[in-house]
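Order of writing sets the chain letters: A, B, C and D. Residues in each chain are counted from 1.
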Amino acid sequence: MVNQIFLQIVTGLQLGAIYVLIALGLTLIFGTLGVVNFTHGALFMLGAFSAVIISGNYGFVAAIIIVPPFLFFFGVLMERFIVRFFYDRPHTDQILVTFGFAIVIQETLKWIFGSNNIPFKMPAWGRGILKLHEYVPFLDGFVAYPKWRFILITVSFFTVIALFALLQFTRFGMVIRAGMNDSEILSFLGINITRRFTLVFGLGSMIAGLAGVFAGPVTNVDPGLGMFYLVPSFLVVVIGGMGSLPGAVLASFLLGMAQSFTVSFAGLQAIVVYIVAVVVLLFMPRGLLGKKGVLD
Amino acid sequence: MGIINRGTIHLTVFALIVLTFPFWFEYTGGYAGLDTKIIIWAIFALGFDLLLITGYLSFGHAAFFGISAYATGLMLLHYSSNIIEAMIVGVVVSTIAAVIIGFLTLRRTGIYFSVLTLAFGEMFHTAAVSIFSGLTGGENGLTGLPTPTLFGEKMQGSNVFYLCAIFLIIGFYLARRITRSPFGLMLKSLKSNQTRLEYIGINVQFYKNSAFVLSSIYAAVAGSLMVIYEPYVATEFLEWKTSGTLVIMSVMGGVGTLFGPMIGAAFMLYFENVASVFLEEQWLLALGIMFMAIVVYLPGGFVDGYKRMMRHWVKKNQA
Amino acid sequence: MSKKHDKSKGLTRRDVLKISAASAVAASTPMFFVKDAWAQKAIGNFPVNGPTVTYGFNVPLTSIYADEGEDELRAYKLAVKHLNNGGGMVETLQPNALKRNGVLGKKVEYVVGDTQTNPDAARTSARRMIERDKVIMFSGGSSSAIAIAQQYLAQELGVIFMCGLTHSNDTTGKDKRRYGFRHFFNAYMTGKALAPILSKEYGKDRRAFHLTADYTWGHTQYQSMKDFTEKEGWTTVDNIMTPVKTTDFSQFLTPILNSDADVLILNHYGKNMNNSLTNAVEFGFKEMQKNGKNMEIVVPLYSRLMAKGAGQKNIEGVLGTTAWNWTQKDDDPGSKAFVETFEKEYGFPPSQAAQTCYVQTIIYSDAVERAGTFYPPAVIKALEGHEFAGTGPGKTLYRAEDHQCFKDMLVVKGKSPSQLKGKYDLLEIVSKVKREDTVYPVDTFPGELGPYEPA
Amino acid sequence: MAILVVNNISKHFGGLQALFKVNISVEAGTTHSLIGPNGAGKSTLLNVLTGQIEPNEGSVVFKDRPLLNITPHKINQLGIARVFQTPAIFPEMVLLENVMAAVFASRDGAYKFNLLESRRHAQSVANFAIEILEQVGLQHKIRSEARFLSRGDKRRLELAICLAHKPSLLLLDEPTAGMARHETESTIELLRSISKKNMTIVIVEHDMNVVFALSDTITVLSQGQVIAEGIPDHVRGNPAVIEAYLGKEHA
């Protein structure tokens, strides 16, 4: 029993860790730029796609090095040529253009690589299981868990820390945080917000790329992967409170745990994320940690 | 003002276009089944516009389309093949759901509202595939429905088309009246400035809920007609992608114009089923590019494009 | 829409033209020439006018099953080519009524549609083929929901539908239709064929834990695996239903880690199967020891494309069933003819979905030739209870009562990477299951076929 | 007769005491100004009156009816209209529609399911709306969209929207904020003409010219408390007011 509960908690954590990685970029973009980015799922998928190709040819470490900057660059271009024109447009327009772009990315990749699942081989150092009973005293018997999941949790943890540090302790971060609260102030202060917006968008898609690299071996890769994660990642962001980074982290783990602990209830497990979303939003109008006035 | 005013002309022209649709649609590469489907989706999109007027973007309207479809289908399957009872039950059940969901979701605004409706919609979809699969037939859909009848007359082929066409014409007439009524003005004001509306003594919640329920009645009618046309219910009717398609149609056609979303619906279905043949597996890619082009170069959708063209034309003629 | 099916009302202009032209012809033709036309009333797109006949191929071109759909389409194109010019199974079919000059002297043409793996879209697309392109038969698909949706449409509109890949019991069970035929095997037959092999390979005293995709196909697959393995003496420890939209199965695998099960059965297909298997291997189930035995993973339904998607390392040694594999080209002349012509045309071997779709097209055309008419009830009667050879190993029977096809099938397992002979050689045939071992009584499943003439 | 009586209202936000035992009585037909330095609690008081903020204690009575714990739209239907600090209008609608919406609201009440009534045929509503627009001097712009108006005109439009209700009490939150001098003057003229029609007006205002030009009574708030109340001349000379409001050096 103790073993079981412990394992489900670990599972909840690592499910949450994937959600965190995907949702961080989305909520960052939401909060700062006010853009409803339906391409985010596709960016994650693009990250996973490039990762599986690069790691197949040059090894996984190469993927870690190459993919995030590639996605950063991709995000910058996307902001520069598409998203920029939609800051002041209604959300419906943003949804349509980003959704259209998501389809374009998805179908282009399908055109080139086909629609079939591409197996993502884990690097040798990430394979295998950790025998948890050797480390955790209150577990009895044989309790094991895949090593990769702990890597995932670690990566996610450090990404969150790094992003918080960036936002808290750098001038760039201060400007962004100010922008999250009230973007008009920045233009009054005469800060060149356009360039920073571009960087934020790049940063957001870079995190999506990172998510693709590390979640890819778990989810495998196919062009439909982006659409798969689109809805859950939006739920995470909204449950957490639009534009709230701590909220997104909290919501991710909430959903992860909810999914992990309802495994034995078939119907419930499928809809638990929606139930959590409904309950949270009905009782907490702006999500868990959302602030007033952001994107109402 | 005489009997022949602009409204009557609009409505007559609209009715004529709809009623003659099957006759000229063939020459554009269309086919019989598609015209009915376009009409049904036009009803769906038309109703959705009544909600979009208030500025509330629902991502869960598929729920009402689908619930009505299932209720209608179950009535046809277990009660009688007569469509009257089936449609009434379908619409009533779906409207009850809309009243409840509307009451819960409309307490939130903006993106929170959108995601709440999305969550409710997906809840129904997932439940239909898993928990209620005994009732709904799961992902195989609700099958084995008898051919629907109306007073003993089989509802197939052009019968269904004209049934749907009549609903669309009535629906359009009502929607037009609604947008031109004081009630419609309140919906428009709601989008423009909700606080001000409250401070002129308007119960904003009531109006929001009414608009939500009204638009879901359209969705329910469309869902019900879909089953009469198809004697089959797909779980996909409930999926968020159905809601998403509805949003895309509306934006492409032009939100808040009534005509726009209907044109958007026709365009989408035409493209998906007729134009796609030439593009084979790349049709979806082409569609994606087209969304982007429209939203970048034609922000108000097709209706806006038409208006711009007319303005340009008038200017040119004046010059 | 009722231009065709509902002549009493809703005549379109084109119909009026057609009818007046037809009556003009009728009036000027001696009665005995058109005798058949009177005996066989118009059903669906019958009668076929003009020098050509059109088939409709409705396959997933977008969405997750697009690769399978494209392979199906290749097979269809090849079948059409063979019907018009000879070659392939047109040469090996026994008995054979095909003339190599099209069907009933009419050149075969085809139209293509995209099902998007969405029943609603599939029906719309099928309607386009039937109503606009006037197809006499349509075929295709990569999922049961879609096959079933189209079968009902076929019955409604009176156009024969030859199912592509569909494995659910319902297709020829609860939802069987007079106008639908299935060449593929089903979940019940998988259990029946696989369970004896499992007990032979892994022993009779085994404890199985199931993960099942939470939709109709998954449920039936689970039920049949449970029933047949328990008949072999196995114990079913537990089953967890996994939502269709799961991409990461870890939360379902953790309870198994802690159970005393020593076999994991994944009742998943497609992307679900790819990921659940990947995750199961990641969780170390393949190297695990339970109850003093090696833990085993079983995937009841296999396909080569799916095996490729799951990755060779993951599928190594995993048992499952499949309808047919291209390596059978050395077994019988039909497979040989098909694989060789396919490889010559496209440069790589066909999938099992391609084989099914190819055979369906050939068999339908043969039935038309045997019936001597495209009149659907006559063609259906020609197909019902028809037994033939030359389309794969052994003899094939289309059972009249439920339109399920019975033929030999395969139990396979994933090859280890070192055994591979090329890119497409992923599966090792463990056992060739004889047709007799998969047959089940008609009354196993409820359902009615419906009338020969659509209401 | 007092039309609005504020009894012992207190409100604190966390540790911050925004209002402390405030008592105000507004006589019918008069113009009553609320003044005080920033943070004195004027806006909080207005928000209490229109149901946006619930006070911790005290009561508000309007025309002998208690006013607390009811929603803004009900307060409005009782006859209280409010002009906001930043003009709250319907920017995407034309002026006529802006005012017509309000006229309909006063005609039909908080909610009416009149789906099929034609706006075009509601001549009396339109006429009344035009009449009000004339009254505020916007009659020549009734077909233009509200968002294109100048700030002063937006304020006029908002006033028109409020007047459409024929309210018995008009609350104005800094009606001349951000206005040019000539706009301020014309606004004063407008308000004066409105108040002459036996309207009760409560104004929160910084601009002393406006306050002294219009007020019959002035209440001075400082740090959440009433420190003075009376006719303009009386308040003008009150040393406590000068100290609180204008700063110590003036005292």
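As a working rule, a residue touches a chain if its C-beta (ideal position, glycine included) is under 8 Å from a C-beta of that chain, and two chains touch if they have at least 3 such contacts.
Keep in mind the model is a prediction, meaning the values are calculated, not measured.
Trainee: Shared touching chains for chain A and chain B?
Mentor: C
Trainee: Quick check: more C-beta contact pairs at B-C or at B-D?
Mentor: B-C
Trainee: From the C-alpha centre of chain B to that of chain C, how far is it in Å?
Mentor: Distance between chain centres: 35 Å.
Trainee: State, to the nearest whole Å, the distance from the C-alpha centre of chain C to the C-alpha centre of chain D.
Mentor: 74
Trainee: Centroid from C-alpha atoms only, then distance chain A to chain D, rounded to Å. What do you get?
Mentor: Comparing mean C-alpha positions, chain D is 48 Å from chain A.
Trainee: Per the centroid of Cα atoms for each chain, what is the distance between chain B and chain D, given in Å?
Mentor: Taking the average C-alpha coordinate of chain B and of chain D, the gap between them is 43 Å.
Trainee: Among the residues of chain A, which are close enough to touch at least two other chains?
Mentor: In chain A, 107, 266-267, 270 touch at least two other chains.
Trainee: Do you know which chain B residues sit against two or more other chains?
Mentor: 126, 129-130, 281, 284 - these are the residues of chain B that touch more than one other chain.
Trainee: Where does chain D touch two or more other chains at once, residue-wise?
Mentor: Within chain D, no residue touches at least two other chains.
Trainee: May I ask you to sort the chain touch graph into line, ring, star, complete or other?
Mentor: Shape of the chain contacts: other, as it matches none of the listed patterns.
Trainee: Where on chain B does chain C make contact in their complex?
Mentor: Residue list for chain B touching chain C: 22-23, 26, 29-37, 126, 129-130, 133, 137-141, 143-144, 147, 154, 156-162, 230-232, 234-237, 269, 272-274, 276-277, 280-281, 283-284.
Trainee: For a test of understanding, state which residues of chain C touch chain A in their complex under the given definition.
Mentor: Interface residues on chain C, with respect to chain A: 62-68, 70, 214, 240-245, 247-248, 250-252, 254-255, 257-258, 270-271, 274-275, 278-279, 282-284, 305-306, 308-314.
Trainee: Quick one: which bits of chain A touch chain C in the complex? Just the residue numbers, please.
Mentor: Result: residues 3-4, 7-8, 10-12, 14-15, 18, 107, 110, 114-122, 127-129, 143-146, 148-149, 215, 217-220, 222, 224-225, 228-229, 259-260, 263-264, 266-267, 269-270 of chain A touch chain C.
Trainee: Along chain B, where are the residues that touch chain D in the complex?
Mentor: Going by the criterion above, the answer is residues 174, 177-178, 180-186, 188-189, 191-193, 195-204, 206-207, 210, 214.
Trainee: Under the definition above, what is the set of chain A residues touching chain B in their complex?
Mentor: Touch residues, chain A against chain B: 36, 82, 85, 89, 91-93, 95-97, 99-104, 106-108, 111, 231, 234-235, 238, 242, 266-267, 270-271, 274-275, 277-278, 281-282, 285-287, 295-296.
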